[in-house]
Amino acid sequence: MLFQVEMDVKIPHGMDAAVLDDLKVRERVRAQDLQRTGVWRHLWRVVGQYRNTSIFDVGSAAELHDILMSLPLFPFMEIQVTALCRHPSSIHEDDR
Amino acid sequence: MLFQVEMDVKIPHGMDAAVLDDLKVRERVRAQDLQRTGVWRHLWRVVGQYRNTSIFDVGSAAELHDILMSLPLFPFMEIQVTALCRHPSSIHEDDR
Amino acid sequence: MLFQVEMDVKIPHGMDAAVLDDLKVRERVRAQDLQRTGVWRHLWRVVGQYRNTSIFDVGSAAELHDILMSLPLFPFMEIQVTALCRHPSSIHEDDR
Amino acid sequence: MLFQVEMDVKIPHGMDAAVLDDLKVRERVRAQDLQRTGVWRHLWRVVGQYRNTSIFDVGSAAELHDILMSLPLFPFMEIQVTALCRHPSSIHEDDR
Amino acid sequence: MLFQVEMDVKIPHGMDAAVLDDLKVRERVRAQDLQRTGVWRHLWRVVGQYRNTSIFDVGSAAELHDILMSLPLFPFMEIQVTALCRHPSSIHEDDR
Amino acid sequence: MLFQVEMDVKIPHGMDAAVLDDLKVRERVRAQDLQRTGVWRHLWRVVGQYRNTSIFDVGSAAELHDILMSLPLFPFMEIQVTALCRHPSSIHEDDR
Amino acid sequence: MLFQVEMDVKIPHGMDAAVLDDLKVRERVRAQDLQRTGVWRHLWRVVGQYRNTSIFDVGSAAELHDILMSLPLFPFMEIQVTALCRHPSSIHEDDR
Amino acid sequence: MLFQVEMDVKIPHGMDAAVLDDLKVRERVRAQDLQRTGVWRHLWRVVGQYRNTSIFDVGSAAELHDILMSLPLFPFMEIQVTALCRHPSSIHEDDR
Amino acid sequence: MLFQVEMDVKIPHGMDAAVLDDLKVRERVRAQDLQRTGVWRHLWRVVGQYRNTSIFDVGSAAELHDILMSLPLFPFMEIQVTALCRHPSSIHEDDR
Amino acid sequence: MLFQVEMDVKIPHGMDAAVLDDLKVRERVRAQDLQRTGVWRHLWRVVGQYRNTSIFDVGSAAELHDILMSLPLFPFMEIQVTALCRHPSSIHEDDR
């Protein structure tokens, strides 16, 4: 099942640089793991912003919630979730 | 170059059913042609709405504008365009 | 899987009363059928508005979309869909 | 009498972890007590957010206010309250 | 139980003047009846707008919904309902 | 002359508890004094929020401004002021 | 007493030109009469819009409401009213 | 050339009182100087808010920008600028 | 003096095609005349929308208003005007 | 390819003055370098705000993102990016 997830990262001013760097490294590792399993199907940067647009492919809404909660940067994100389904005009069987 | 395009279709009440059906058929044909060429890379329906979320892969912003203007349902759409680029944590070379 | 669905009904002024009554009767029949099957789990009226707040229990987001599209009043609704999951503090196993 | 209550929790960055954990434990105990009495009838997590959608069944609006004020996390919540009533198409006598 | 109700009247352009006058007369009669019974406790005009701010005193949210639905101008109103309760600093026992 | 005033109180996290308690006590005393003189005609709590809806009866807009500025919690409030007048359908001479 | 009034004129498409011209002529006459009496103290056009920003000097909010209701274009206006008072740094005794 | 300028002052909580008092004194002196030269033509307080509505009469938009930047409280203001011109129904030659 | 002007064109559904074509032709002629005189300095299409972003170079705000009012499509536009001035970091003397 | 970029600078209160001055100097140097290469084609100040409106001419959306990320004040900016293309009525070949 596909969900569009938009993540807007808001780092508080004055955050310790080492702490932030560590968070970013762990976020990257986690994001790449989730991409390899196919759960985090697409990940794009929105131009000019510390923000991404993503497509997740999960078995349930609950699974998506657990994944998002597990992201190291989760406490610093504003997240919008939109349920998607296959478009009747799509020619891609996989864009279900 | 990738752009996220969100199209919200607003059909005026009282529109002639035959005219509308013809528009929808032509929209579908056009959408499928553009998917086959790879320009309209992804097309998803937003659940519960007459609205889609799409990813376009075009050579320029001008090309995207001409394509959107050519859609039969364009006069009845509210469209949001967001420029995307490759995310540094993406593992997909093609999600450029 | 549970989704919160908010439906705001906007009837165009001047709509034929018999047509509207027929739509409402068919909407009611459909809503009650869907409640009996357990898919439309809860249905409440928002006080002072021609609007409801509902909870749907479906197998997938695609199933929810098909159900909402099948509602006789769908063309006159503005719909918001929110994916829900079980709250860690919930004591109701069924509020999954 | 039923009210839909949406609670959006905003924890200030830098809050002491032990203080926060204690708040969360007490919030959970209080939420479960209120569910057992039937006052907090439903409690769902909104996917991807530190936010819930709830249904309260109270004797009056004043009772609801006192309950919400008593929640340990109340000072960190943005709350929306919506008065509900039985929908004429509902088949559930209890969704009054 | 007290509710603040804000009613914003939007008359469609081109509505038949006699029909509108009849609606307004019936709205006035109904509003005054409801004030006499004490249910519609306060009714003020918002300066410069075809809009009122009102306080209703009802036995339940459902009663309020039925009353609002019964107003002749209801189909032309956008309504906001806000649940109120006694303020701890109020000196008026009746502003419950 | 009547004005509707909505006061939304936003206490900064980490404010000294003794300072806050003192502010609240003084706010309450001031609010009750103003109610006794008839200037602060109505004061209701909005359910689920640290917010009130009030009706003030003042000789001029300038008088209202001076009163609001004099409230101990003024620096922590977001305030909306709406000018009211007698509604032509009101039966209460005093709701001028 | 001074009020800032912002009037945004929305003429429905397809309105009869003669009717509209007549409305505009009468609006102008009324606006100039009210300026001569000093009630409509200032009247400016907002650049690029069919909209004005005005300052009214009236004895009460009720008087302002009656004046605005009497404007020939009132049914086609969206109006915002803001209560003003003398600024402590103003050097103009008359900007009360 | 006339511009409407709305200044909303947001003082951060915890600002040193002496620093703030000094800023306010200097703001007042500057505002009165600019009123005397005729550049800051009108200055009103919005009732219930730490906010003003002003009319500036300047030779150019650049001159207005330099003036606003020079205000001691500028770093604590949210400012909206609206270009005005003479209204065709105005009887005041000077409200150009 | 420079102003940024954003024009969003909203053509009513069902407008006569010949009337619309005539309006568009006249709009184009007028736009090109104004570009040749240097008043309409830049004109860009916003991708995916019937909307432009423009820069005007005029002697006064009043001149800008007269020009915008003279556009054949003005009655069908929503317009936003923003006053600009030279940026201190600009290297273009002409971007005044 | 042209993009409109709007940058709203929000400096946190209490930021060290020397740090801020250094940031501003480096921002200015970077902005002027980018203007000299032609990438940052236009740069205007919005009157009354710490905000600019700019036009960038880049080879791709990704190039624009890298440039914006490289600005010294980027962490303190809210940025809006709008894709532009040549307007059919433009007479400037270069406003592509």
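Some points to look at:
Letters A, B, C, D, E, F, G, H, I and J mark the chains as written, and numbering starts fresh at 1 in each.
In the analysis below, a residue touches a chain if its C-beta (ideal position, glycine included) is under 8 Å from a C-beta of that chain, and two chains touch if they have at least 3 such contacts.
Bear in mind that the values here come from a model prediction, so they are computed numbers and not experimental data.
One rotation lays the C-alpha atoms of chain D on chain G, and its angle is 180 degrees to the nearest 5. Note on A-C: its contact pairs, compared by residue number with those of A-D, B-J or F-H, agree for more than half at B-J.
One simple way to say how far apart two chains are is to compare their mean CA positions; for chain F and chain J this gives 44 Å. Here the CA centre of chain A is 27 Å from the CA centre of chain J. Centre-to-centre separation between chain G and chain J, using Cα means, comes to 40 Å.
Shared contact sites, meaning residues of chain I that touch two or more other chains, fall at 2-3, 45, 47-48, 61-62, 64-65, 81, 83-86. Interfaces, counted as pairs of touching chains, are A-B, A-C, A-D, A-J, B-C, B-I, B-J, C-D, C-E, D-E, D-F, E-F, E-G, F-G, F-H, G-H, G-I, H-I, H-J, I-J.
Note for the complex: chain G touches chain F at residues 1-3, 60-62, 64-65, 81, 83-86, 96. Chain I meets chain G in the complex at residues 3, 5, 12, 15, 61-62, 64-65, 68, 75-76, 79-81. Only residues 2, 4, 27-28, 31-32, 35-36, 42-48, 52-53, 55, 82-92, 95 of chain I touch chain J when the two sit together in their complex. Chain contact summary for the complex, chain E toward chain G: residues 11, 13-14, 45, 47-49.
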